[in-house]
Amino acid sequence: KMIQECVNGDDDTLDSLLADLATVNNSRERANKLFQWLISPIPAKAFFRDTWEKKPILVQRKNPHYYKELFSTAKFERILREEDVQYGVNLDVTSYTNGKRETHNPPGRALPYTVWDFYESGCSIRMLNPQAFSSTVWNVLSILQEQFGSMAGANVYLTPPGTQGFAPHYDDIEAFVVQLEGKKHWRVYNPRTEDEVLPVLSSPNFSQADIGKPILEVVLEAGDLLYFPRGFIHQGNCLPDAYSLHITISSYQKNSWGDLLQKVVPAALEIAMEEDVEFRQGLPLDYLTYMGVQNSDKDDPRRTKFFSQIERLMKKLPNYAPVDAAVDQKARDFLHNCLPPMLTSEELASTVQGAPTRWERGQVKDVGAQINTQTRVRILRAGCARLCSDGEAVHLYYTTENSRVYHKEELKSFEIKPEHTDAVEFLIHSYPKYVTVESFPCDAAEAKVALAERLFERGIIHTAEPL
Amino acid sequence: KMIQECVNGDDDTLDSLLADLATVNNSRERANKLFQWLISPIPAKAFFRDTWEKKPILVQRKNPHYYKELFSTAKFERILREEDVQYGVNLDVTSYTNGKRETHNPPGRALPYTVWDFYESGCSIRMLNPQAFSSTVWNVLSILQEQFGSMAGANVYLTPPGTQGFAPHYDDIEAFVVQLEGKKHWRVYNPRTEDEVLPVLSSPNFSQADIGKPILEVVLEAGDLLYFPRGFIHQGNCLPDAYSLHITISSYQKNSWGDLLQKVVPAALEIAMEEDVEFRQGLPLDYLTYMGVQNSDKDDPRRTKFFSQIERLMKKLPNYAPVDAAVDQKARDFLHNCLPPMLTSEELASTVQGAPTRWERGQVKDVGAQINTQTRVRILRAGCARLCSDGEAVHLYYTTENSRVYHKEELKSFEIKPEHTDAVEFLIHSYPKYVTVESFPCDAAEAKVALAERLFERGIIHTAEPL
Amino acid sequence: KMIQECVNGDDDTLDSLLADLATVNNSRERANKLFQWLISPIPAKAFFRDTWEKKPILVQRKNPHYYKELFSTAKFERILREEDVQYGVNLDVTSYTNGKRETHNPPGRALPYTVWDFYESGCSIRMLNPQAFSSTVWNVLSILQEQFGSMAGANVYLTPPGTQGFAPHYDDIEAFVVQLEGKKHWRVYNPRTEDEVLPVLSSPNFSQADIGKPILEVVLEAGDLLYFPRGFIHQGNCLPDAYSLHITISSYQKNSWGDLLQKVVPAALEIAMEEDVEFRQGLPLDYLTYMGVQNSDKDDPRRTKFFSQIERLMKKLPNYAPVDAAVDQKARDFLHNCLPPMLTSEELASTVQGAPTRWERGQVKDVGAQINTQTRVRILRAGCARLCSDGEAVHLYYTTENSRVYHKEELKSFEIKPEHTDAVEFLIHSYPKYVTVESFPCDAAEAKVALAERLFERGIIHTAEPL
Amino acid sequence: KMIQECVNGDDDTLDSLLADLATVNNSRERANKLFQWLISPIPAKAFFRDTWEKKPILVQRKNPHYYKELFSTAKFERILREEDVQYGVNLDVTSYTNGKRETHNPPGRALPYTVWDFYESGCSIRMLNPQAFSSTVWNVLSILQEQFGSMAGANVYLTPPGTQGFAPHYDDIEAFVVQLEGKKHWRVYNPRTEDEVLPVLSSPNFSQADIGKPILEVVLEAGDLLYFPRGFIHQGNCLPDAYSLHITISSYQKNSWGDLLQKVVPAALEIAMEEDVEFRQGLPLDYLTYMGVQNSDKDDPRRTKFFSQIERLMKKLPNYAPVDAAVDQKARDFLHNCLPPMLTSEELASTVQGAPTRWERGQVKDVGAQINTQTRVRILRAGCARLCSDGEAVHLYYTTENSRVYHKEELKSFEIKPEHTDAVEFLIHSYPKYVTVESFPCDAAEAKVALAERLFERGIIHTAEPL
């Protein structure tokens, strides 16, 4: 069953939910609850078991207010007016007319004066990273990324009545289409072949003739949700009577077993070559005379033997696979992609950003309000820091100094001395519990405080009470 | 047994052997015979079975003339005088005194005036690529590369009496030390650990304390041969009473199963990701919470399951391994490394280099002496050309326009149209038999002649009779 | 006389002045008045005649409030807390103790918690581009750049009592040291040699022994101004009883006749070579035998003749000097360096940023409020756009889409078609008068409106009345 | 008068002349005599006064043997057969048919088999650097470069009967067309405009309509010479009854006063900015408001003043012009472009290349044959080495380790210590006289011998008697 109907009350709007979530102690639990709200009334467990990566699903909510606090045309207008939105960087102007897909971006800043002119002439407007401009979108995505263990992104689409902005295509991400205002007519199609199931790359634009018959056709109304896995072709257009504003939340780009194996397998081979002399033994003197494409039709027992040896060696590779190290490589990519955490006002008071040290009437005040052994601390989010080893040194990678703009900052890290790795691991695994700096498994009290200072200054830990 | 003694007659010197080999019809057979001469009296078959890549072996020949036509100090003198030998590029001046290894290259050309001055002051002289200056070395190496199916290289070393030019070390190649003139005292040591058996990279310079006791100690005399596999540490020094000239012939650098797997394995994974949806399925939502170095001590059933899945997928990889295509990648590297064939005077007359077309007394003569359907042709050497496919187009790669200077030329190739691949494959597999152009499996006679012309003009094929 | 004393009333504070200046019709006049305020009571005319680029001057104002609205420690605190100030990029932590100058920047964001800790331990804090964070500084500098015809920059320095943050040195810019809070002891020294008068590059750090005796020594108090030309060595330190906050406003970096000649002279030579055959004639056959350093001691009449010819040709170069084109090259550099204009609220209403076109309750409103032939327009600032030719095409370069962050944006320009250059020139030269679009010297009314639209959309022109 | 007729005897052929020239003591005199032979019977002095860079001239010699030893089709055939001539690098195949100019180079080596096939089908063959393959051409050009003080180059052209290989065009070099074999019909045209007199760059291909009427039309026969300056348009074609082989000797590319000024002028400005404060003074505050293209129609007295100041400053530049240093920059370019000297057999015996130190029967011989204080030495050629200063260090630049292949080697030089510069200058200015090492103006005898050794080892000096 691909369609869920339900009637939601007005109480569960996003702002009150986010206020409630701010009191949830554990960021993973918080992520869970927010995701459950997103796909409600489908139970998350059932969703991931039956639907995720498998098939589209539709929630028709009959509640136009459900998602409205996430984003709106009013916020869009405010952003265009107040923020430095650049055509081609933050916003695209597109059209799809008579089977032709075009982009109309002029150079320079996208101001209401020109954007609305494009809109009035029938163009669709796509905002590429609303999280850089909207705190609510930032907050929601930064929470959801902990649910997915993979970057959560978003685009906003505004489409004039009676138009379509994009050609039919499939994407390389799991997509949650959240209808914010107005209505949009959607058609979703099965992947065309087995090879296009859960594809690695997005498709080009298709023509209508390429894609067969839709498996799902629906008019999405404000408050409705449409999910479809990567590989499902889709197109949406506005009916003559209504414009549409929706946001698509996405995740799981390049997050497959194969993507991880691309890190595991070459590393496994390198280790095998170091550790197993069979991998270092010379190839047969004459292998070029019976192997290779020009010999592939030959019926030669040496070919069989050669294939067997290759197979035998390849089957030994799992013995050398550095799985945890490869996972850490993927984790580092993820940490670099992450949005920084958005702080609640309570959190602000307990982090370096809100520390009381300040200039006041010609003097520095409260510079003494420092961390000591009795201070109780924890990491700011379950996933905001990660201890990885590159074989030689151990580094702590963290997201708290990331930018809301994708990859504007380098991945942040610093080296953790061998005598401090236990303490950092202890901190990470203690989450969501607060622990005293005293309790860090380090030798010297000084070292404990110095480590805590360092983590606090980078926003990685916060304190149980304000300093 | 690591030592072979024998007494060779004078008849089998290299020049007469090379003259004989010129009449051998098949270049692979020729390579075989030359290699057999090199390691005589050890039978090649036994050598490759018992010694190659396994242990050192010594042949004491009591015949100072056996190798003397391969290279000599007289030829060295001639080369310095007549050719553009550059310090640091073609020739190194080195010393190893009191445990200190130094290089003394000045800038510019290496002329006898300065080279012999260095020699007289106790420095060793290493010529880096004698094949670029000596036709005999070129000829020998270009034949041996067909025996090894891997690049054959050479260095020449001239050492003054009572000195040593290099610190103890091991190399990443199979080494045949051929004593040409004088004498040298050699010590050979076992690899220090299992990990240094058949190593991937050469070692740094060792101190005497690093290397233990030699397993072989001998004074090599002119006509003697010392072979040792990569990984065996070695050092050679001159006794006070004699200088030494030797040439080291080497092969099998980066020619192991592992080197081939470095091409096979990533390609196999890429294909698996295209063809097998299991590789494209998403990773578990929460894998970052129990995998990775910071979780490696955790006893979590999800870890076991994760490892199993990685292993299961890696064990499927051989099903997708494009072995022949990977061999062709290695083959292309080899073809690029190859020395060009050295032509006998008979061959010259039957190749494009010796074609009779010429300028004579104000006119072009014999421009009509062209290939026709009745011309009988074959490829010039068993391994001088190879048909490879990159998935889209088929190219013929060939060595006949390579330079005697390593990688001075790009790898040469040209595209073979689909309608001509059968003909080229036919030609390659017909070797060493000559075939008429008529017999090429192409449709049109014109196409046959055009193809033969093209191959002839690049020196890939030669004719049974001179044109 | 290098010292001016005066007593200013409280009425002329910056905020009220800037409010007044917003009503000044001509941006150049506005720049004049603001500069006059900066150096008051010295008359600007006298200043530029007697002091500018010649000698230091000091204004002791006995009015601590005079400059206080320009910047303050309170604003500093606000910026650190709210904006993304990065160590090393936007802010430096320095010290100069016992003759040793050090920088102490950690990586990452500069938050009050760490900045004030550095300050308390005796470090000076330099904010590198306060104009990016403070609207008042931005406004002041963007006005002053029209006065100087050269980029106006600023740094803010906060120094703890009893410390010095920088070694004695000279800069490559004209410096206006504006004391905002507290006090600072300054010593200013003459350039050490003729060659260091108005130098091209800043000096390294000097030791006290290098610099002689000060020509001016003074304690600057809040409200005071100290000006010194490039090349004058200076050092400032805090007395034990007071911290110091000052801002240094700078201009005229690389803005000398020589800097312009670097653009004029090679271009003149290129043109001379094209137009004057004497420059293309061959050098004497034998000139290498009597010219050059190894012949410079020779007394050879041919040398005299050669020098004469060089001199003769060089003296012809002014005939070919493309002065206006070279000025435009310099102008382009300046336009790229410029801060964007800061709009008053009145201006906002008459520019594209404040145009009424907007989204309101599900619809676009006032998209029709467009420019027509009756609209009265002018360029936004006297110097915000400039018409330059590269010989082939004519481009309009403009500053209105520049960033407050130095060179964050490329220099902005677009091509002006030949039929529109007169209209653009007319617009530029009409400033500060408004003109109707009708009056543009173009052929077609359509073209006039299209041109005005284009200029309006990039913020180059604004309208007399709000659209 | 553009045509010279003469009848030369057979005695003055090139080989005997070169043998005679080998005995001329001074390389500049040798260059003179060889050039005189080239243009004989025109006196060189008259040629350089009346013709060089001014107009074409033709010598009809009625002596087909005069130039024949310089190059020939027989040598061409030899080179193709024996040397590694590469299409596109060393040799071009061209045609000009029905007004269309084409190049037909295949990839790879140019062997007679394919080259003559192209020739037979009507293509012209151009050999791009015969000096790399022909010792005579190398010898002639290496001598002539001392005559010109500028690189002497050459191309060889072979054209089939009844064809033309190139479109009409002009070059950027002085051209001496030397007819070697056969005949060629030439047409020479005046430069089309004043701007194309002595042009800086070669022209594109012209159509016949572009070029007007020839000022000279002639059939060049073997032994004839045609000279024309850069800028004169020319085309040559073969009559139906004869092929043509000619060599064009060229010089004076980028060797004009303007080319030297490109080095003088920016350096003069840099020095002026360092030494003359007028160049460092700031531009007028308001210059951008009246200067620049948009103000170029303004009638403003400030413009006049601005122009005057620019002119005044430019006219001061000759005072700062580092003419000798700039000449040395040009000299270094020339030394890098130079062919290495070709040694006579006598010279060989007195240079490092021919030094007696050698390997003989297992030993180094004559390593003691070294330079001592009594050795008489001189530089090898008047222009083979040059002492230049970059302001800080003094270097000796030299041509003796250049390659016959253009820029295959970097420009060679080494630093001369301050205490040796006098000795090197003494050596250079003593040429062509030999001087004893003793007589070097250095302090220590050891230093003298060490310096002489160093110069000898790089081939810069040779000895009066063989070592």
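Quick notes on this one:
We just call them A, B, C and D in the order they show up, numbering each chain from 1.
Keep this in mind: a contact is a pair of C-beta atoms (placed from the backbone, for glycine too) under 8 Å apart; a residue touches a chain by one contact, two chains touch by 3 or more.
Note that this is a predicted model, so its numbers are computed, not measured.
Listing every chain that touches subunit C and subunit D alike gives an empty result.
The greatest centre-to-centre gap from subunit D, using C-alpha centroids, is found for A. Residue numbering shows that subunit A and subunit C use the same positions for more than half of their mutual interface.
Centre-to-centre separation of subunit A and subunit C, using mean CA positions: 43 Å. Centroids of subunit B and subunit C (each the mean of its C-alpha atoms) stand 64 Å apart. Between the CA-based centres of subunit A and subunit B the separation comes to 50 Å, rounded to the whole angstrom.
Among the residues of subunit B, none is found touching two or more other chains. Pairs of chains in mutual contact: A-B, A-C, B-D, C-D. Residue ranges on subunit D touching subunit C, taken from their complex, read 28, 48, 52-53, 147-150, 174, 194-195, 197-200, 252, 255-262, 264-266, 268-269, 272-275, 277-289, 291-296, 306-307, 309-311, 313-315, 317-318, 321, 323-325, 327-328, 330-331, 334, 382-383, 386-389, 425, 428-429.
The residues of subunit D lying in touch with subunit B in their complex are 73-74, 76-77, 81, 106, 108-109, 111-114, 116-117, 119-120, 181-182, 243, 352-353, 355, 357-360, 362, 364, 367, 401, 403, 412, 457-458.
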